[in-house]
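Lettered A, B, C and D in written order, each chain numbered from 1.
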Amino acid sequence: MSILQSLVHVLLACTMPPLLLGVIGKTKAAFAGRVGAPLLQPYYDIAKLMRKGSVVSRTTTWVFRAGPVVGVATGLLAVALVPLGGEQALFSFPGDLVLFAYLFGLGRFFTVLAALDTGSAFEGMGGAREATFSCFAEPALFLGLLVLVKRSASTSLSTMLGAHWHGEAASLVLVVVSLFIVLLAETCRIPFDDPNTHLELTMIHEVMVLDHSGPALGIIHYSASLKLFVLGALVVRIAAPRTGNVWGDWGVLVGGMLGLALLVGAVESMMARLRLRQVPSLLVAACLLSAFGIVLIAR
Amino acid sequence: MSLPLVLMAIALLSLSGFPGLFASRTSAVGERVAVGMVVVGAIGGLTGTFLAVFAQKPPHLELPWQIPGGAIVLEVDGISALFLMPTFLISALGSVYGLEYWAQAKHAENGRKLRVFYGLLAAGLCSLLIARNTILFLAGWEIMALAAFFALTTEDHDPAVRESGFVYLVATRLSTLCLFALFALLHAVQGTFAFTAPALDATTPQATAMFLLALVGFGLKAGLMPLHVWLPGAHANAPSHVSALMSGVLIKMGVYGLVRVCSFFVHPPVWWGVVLVVLGAVSGVFGVVFAIAQHDIKRLLAYHSVENIGIIVMGLGFAVLGRAVGEPSLLVLGLAGALLHVWNHGLFKALLFLGAGSVVHATGTREMDRLGGLAKVMPKTTLGFVIGAAAICGLPPLNGFVSELFIYLGMFQSVLHRDSAVSMAGAFGAPALALIGALALTCFVKVVGVVFLGEPRTQAAREAHEAGAAMSVPMGVLGLLCATIGLAPVLVVPFLERATEAFAPEFSHAGQGLPALAPLAPLALVSVAGVVLLALIGAGSALLGARMKRSPQGTSNTWDCGYAAPSPTMQYTASSFADMVVRLFGWALRSRVHAPRIKELFAPVAHFKSHTPEVVLDLLVVPAARTLRRIFHWFRWLQRGQVHLYLLYVVATLVLLMFWR
Amino acid sequence: MWHLTDPLLVIVLLLNFFALGTSRLRAVIGATATQGVVLGVLAVVVEGHWSLRPVLIAAGAIGIKGILIPQLLIRAMREATIRREVEPFIGYVSSLLTGAAATGLAIVFANTLPLAPEHVNSLLLPASFATVLTGFIVLTTRRKAINQVAGYVLLENGIYIMGLTLVEALPFLVEVGILLDLFVGIFVMGIILSHINREFASLDTTRLSSLKEE
Amino acid sequence: MALALIVAPLAFALLAFLVPSERIRIWCVPGGAATHLGLVLWVLHRGEAGDPGAWLLLDPLGKLMLGFASVLFFICSIYVPGYLALRRDRPNRVFVSCLLLFHAMLTLITLSQHLGLMWVAIEATTLASAPLLYFNKTPRSLEATWKYLLVGSVGIALALLGTFFLAYAGLRAGHHPSLLLANLVRDARQLSPPWLHAAFIVLFVGYGTKMGLAPMHTWKPDAYGEAPGVVGALLAGGLTSAAFMAILRFYRICVAAEDGAFARSLMVTMGLLSMAVAGVFMARQRDFKRMLAYSSVEHMGILVLGIGLGGAGVFGSLLHMVNNGFAKGVLFLSAANIHRAFGSKVTNDVSGALQRVPVSGAMFLAGFFAITGSPPFGPFISEFTILNAAFSNGRYVVGGLFLLFLAVVFVGMGTTVLSVVFGKPRTVEGTGELANGFLTIAPMAACLSIVLLLGLYVPAPLDRLLREVAASFDSTQVVP
């Protein structure tokens, strides 16, 4: 992979994520018949937050500040593991998909701890939900990736996502759907969570960060979008066709990501949030889809 | 040189508690001498083991022993060495920890007893690891088991301790009896009591029986899921440094036994591996699910031992599969993962138990819902515990991640295999391991959050104090080792490779040798990723710090959606945090909840209580034992004091035997 | 004198039935005493000639089985001032029937075993087995401790008959030892019985059941 | 020489009977035991063969048994003065004399080559031990003695019948019938098989009653439960082993007659049955002395099972006899100390023995682990050898049942033992005198050391002797 491509990779990974949030917001506005906030609104928000002062609870400790930092650090490392447009990711090795999945775990570990550090019942509730639901998202993610492992006979994301699909459309569809569900769950979108709700009792991700303010909150917003970007890239790389041209692939990726954001926005506009109790069922369904995919491919 | 060092270490360990018996009840001389002996012994033992690993040939010693079938055959091969290292290390650290945790001055009535059996326990562990004769092995095994029994019943005036001690005792005896049968079969098959078995045929019914006996016998000791019944109570009720040694090392002897027995068979059937994988997965998932439902921090950690043993056994299962289908790379990855996880679990679980011990020492309670906010008064313990918690969840860049990565890689190898059973085992194992990891994360987030973060919930938690040097230094060492293995896994490669060679020598004999570990697993790149991650975190904190310093900053109460007067009791509790998972797995957990039903507008004071029984023990084993006892009771009328009936038994026996002839 | 053996043995068998059928404790003791005397005579008869050894043995047997032991038992009975009835767990008729069955069984059993030529048509072995079994019946169906001792004596008598076939194998010393052991055994039992009587004010063995598994 | 071995304890018995002072008399027991032990060691050292036709002769089995019994008796004898000193309220003339008489008769059993003489000796031990059981003179001990005497005597009577059967088997063969062991072994092949079978069954039931094999064991819990601890130790270690030896002598004849298979299957069945019965009755046994009695039943079962399995099992069984004897010594003596300290022997009243009588409590616990076959104690070696014999012969079911019963027994016994030693004493201090004098502790410690030693190292002379005895049953067997 050329240095140029690496630069593009870094640049894209660092700058594009908030745009996706903007696209989602715009889509939802369009569905609702509103003009909506500007496409770049998330950038403005983050920039503003980074400049603002902050209020920190007296209950908290260093763990509280570690939450956002570890969240963004893990997101950044994860994005280096996924090949965006090129054949290769910035960083790849056999088994890097394990690192990829566990990085999200590390991020979650500190995010939830940061929530619990405040001693707030609401944030504890959010943390419990986040942790519980990811228990089901994680196996679904692994099952999806296993399908790729099996068919590409490799254990590195770069090669797994670089391979071409040949006549395994059924598995492909199953995996894409399954990973899309995982994406929605991990990034706390509808139908799992409503990022825009104002009722703390029903929230997951947003309720965990209630006590964060100023730059810390800015980092949190950024890492949330980064997570969407990383998982989105995964889905897009599986679903989108390869052009054969190096820069064409990059174009496909960017287009695909925007399309994905549109799709997420559309889902958010058309679906209601699930009742919390049904969330695990949906994730188990995602697991089953991928498991079926494996059976199809292994038979 | 290496074997004498190890033997010297064993001697020092076994004798360490005895000088104290001659000191007075409150004197600190005994404990200092004991710690000194254990530490010197452990350093010697570690040196010896280290030398053994890098020796040309595994050191071997044979002496005659005037016991039927017995011979003193000792060897430190790769597998033994691998298990010896954490044994020495954790014994020494636990012993130092005990200096403060179980100070003789405060525990005059049982401190000396505890140290005698602590030393014997450590010595038993080491001696069974180097024994290559079944009788010698069994002697070491039982010394370990009994010493552990006495160490864990240190506070025998407490009924809960007695009860869990008894359950432990029965379990360990059943395990020993299974081993009797196993080794008797081994003797029947190969004609000697030697451990260095020639390659055994795995297709005979005897071999199947041996495998199943090993599974039950060693599984009982390891705490594999349906056989784990003794484990939670024992770990919870033992003094914490004993819990650390038991959980970190003792239960691994079950793993050692399984590895050793599996190494006897060159061509194991595929189903052996599948059974191990399935059992491991069951143990892992349900171990962690039960852990989530616990309120007692040490019980919770105990269930995590069940979980981690599950992970280890899964790894071993893939190694057996690899051997069964002749896939050396699968074998190497599975076994390396399992064995490295043995180390890792030893390190982080000991760290966690010592951390929990510090909490218990500081607050006097094991109930998580009575704690909270300890991070401010116990910062060192908190840091240690967080590192341990992250490591046990398998999070990068700590050691747990490396071993799980190996196992995952093994699973991927197995998914790619053409044999459908092997392939399915991998496809089953990987998501199971992912589920285990995510559940463990939930559990440890809960523990850290409820115990160390937030506000103190009780007076005891408010008045807690930080652990002293004797308690925090061992934790520091363990935490450091966790990080070292996580960041530089290359360091452990020689140990693992020695062990895999010892496990499957047939590959070396065939000439090509086992594949090296490094090409199979990207260890250097794992280090790079770890360093990059740490750098990113560092950069992130610097950035955040800088931004926060530049802009105005205030402190206040927790926001809590504007509630003006939050009290510590309003915090989310451990049971609330776990509630969703507990409900989801309610069919297995069988939790009993006593929840108040609110009827009126202004509800009166009410209490909520929830309890999760040890399902296998309380709902299966104990009722079965009761039934059996009742049946036994029926027979008592045979002996009801009537002497003429007694005479009738004699005649009846005589007549029956006459006819039987 | 061999021809006298069988008639004497018939007496032994009849005495067995008598011991089973009688309701008087004293009569049971009498039966055992008589049996002891008959056995003493048998010892000489079986030997077939007069010599010192069988005479000494016979004298011993008569002395111990016919006189000493019954005296011991009667004294114990008197001391205890217990009711003279036997009080069996099963009725007298049933006892007799069981006794008959046992005798039959003994004959069958003796016939299934290959006998030495000189015993083929003799009653020696069947009578021996029958007496042993009768002893067992008395031991297991009688309530009174004294009666059980009497049963034990019957049992020993049966074994003694068997011993009569083996004169050559049993040296004098051993035979005396056996007799002495029997006597001391009954003597010790008698002591224990009198203690029991003092402690429990009864010789009913069903009362001796505080040691049991409850 | 052989005669001296019997006469020595008899002389001391007589001396004890004549000595007027209670306080001096109690030392007759250690004196007699020490003299006996000295003589035994001398005889064993000299290794005198003796005339094979003699009635009294020290064959290998006798050597083993005699050495074992003498050491055990000597150890227990040290306990006696300590015990009797605490029981000044009781006259001890009969007790001391009978103890020594018992020892003399035990010696006679080991020396007898004439089976009739052996019978006389065994019956004599029964009679000599009755007053020992009755030492406490309580109604309960009276009842126990009565049952012991009656059931034991009936058993012995059967043994006599069996002995006659055996002699008849020789008569039937047209031989000069003899009850000399050497003659019987020599002519074994001519013995009539049906009579031999019948003889073995009757003997097995008879001496099995004495040994306490189920279901003839019913006297055991009563007798051991009510007897003074030291008597329990001697009965469970010495007398039962002597009865076992008697069975072995008859088994040897069966083997010589090439008819061992029948005897072996009988022994395997009865051995397993005894273990099972012991396990059933040990569950929730509240009386810890009765529990020890059932443990004795179990181990008698193991002994005959080992013989029945043949091969290395014979070796294991003989070794187990020694191990069991000494382990029972530890258990009975410590149980006696605990009993005395608490004034009770049921778990409802006794707990926290480790606190009140630390040494005895610890010994009781250690004895429990030893007797249940925990390495590194001796019984482990012997039980493991027996198990190996089962598996090497392909008797997997027997081996499996053996282990199963061991497990059941362990659980049952463990419940009782742990509730005795652990916890806090429920009653106030001072209900029983403290039992920790040298004389009451040293014997336990000695027994325990021997049990531990036998698990770590089987001395070469003992090993040789065991092999020699085992070879006399089956010369082709392989002992590991």
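Rule of thumb we're sticking to: a contact is a pair of C-beta atoms (placed from the backbone, for glycine too) under 8 Å apart; a residue touches a chain by one contact, two chains touch by 3 or more.
Quantities reported herein were computed from a predicted structural model and do not represent experimental measurements.
Trainee: Consider the two chain pairs C-D and B-C; indicate the one with the greater count of contacting C-beta pairs.
Mentor: If we tally the contacting C-beta pairs, C-D comes out ahead.
Trainee: Taking each chain's centre as the mean of its C-alpha atoms, which one lies nearest the mean of all protein C-alpha atoms here?
Mentor: Of all chains shown, the one whose C-alpha centroid lies nearest the global centroid is B.
Trainee: With chain centres defined as C-alpha means, what is the inter-centre distance between chain B and chain C in Å?
Mentor: Inter-chain centre distance comes to 69 Å.
Trainee: Could you tell me the distance, in whole angstrom, between the mean C-alpha positions of chain A and chain C?
Mentor: A distance of 99 Å separates the two centres.
Trainee: How many angstrom lie between the centres of chain C and chain D, each centre taken as the mean Cα position?
Mentor: Computed value for the inter-centroid distance: 30 Å.
Trainee: When the C-alpha atoms of chain A and chain D are each averaged to a single point, how far apart are the two points in Å?
Mentor: Computed from C-alpha means, the inter-chain centre distance equals 77 Å.
Trainee: If I count partner chains per residue in chain B, which residues reach a count of at least 2?
Mentor: Within chain B, the residues that touch at least two other chains are 636, 639, 643, 647, 658.
Trainee: Name the residues of chain C that each touch 2 or more other chains.
Mentor: 139, 148, 205, 208-211, 213
Trainee: By residue number and range, which residues of chain A touch two or more other chains?
Mentor: If we look for residues of chain A contacting two or more partner chains, we find none.
Trainee: So how do the chains connect up here, line, ring, star, complete, or something else (other)?
Mentor: other
Trainee: Within the complex, which stretch of chain A touches chain B?
Mentor: Of all residues in chain A, those touching chain B are 50-61, 63, 65-66, 68-70, 72-74, 76-77, 80, 91, 93-96, 98-99, 101-103, 105-106, 108-109, 112-113, 115-125, 127-129, 131-132, 134-143, 146, 149-150, 153, 155, 200, 210-211, 214-216, 219, 280, 287, 291, 294, 298.
Trainee: Would you tell me which residues of chain C are touching chain D in their complex?
Mentor: Per the stated touch rule, the residues are 112-116, 132, 139, 145, 148, 152, 155-156, 158-159, 162-163, 165-166, 168-171, 173-175, 177-178, 180-181, 184-185, 188-189, 192-193, 195-196, 199-200, 205, 208-211, 213.
Trainee: For the complex, give me every residue of chain D touching chain B.
Mentor: 146-147, 150-151, 154-155, 158, 197-198, 201-202, 204-205, 209, 215-216, 218-219, 221, 262, 266, 280-281, 283-284, 312, 315-316, 319, 352, 354, 369, 372, 374-376, 380-381, 383-385, 387-388, 390-392, 394, 396, 399-400, 403, 406-407, 410-411, 414-415, 418, 422-424, 455-460, 463, 479-480
Trainee: Show me the residue ranges of chain D that touch chain C in the complex, using the header's touch definition.
Mentor: That would be residues 114, 116-117, 119-120, 123-124, 126-127, 130-131, 134, 137, 139-140, 142-147, 149-150, 153-154, 157, 160-161, 164-165, 167-168, 170-172, 174, 176-179, 192, 194-195, 198, 221-222, 225-226, 281, 290 of chain D.
Trainee: Which bits of chain B are touching chain C when the two form their complex?
Mentor: Spelled out, the residues of chain B in touch with chain C are 636, 639-645, 647-648, 651, 658.
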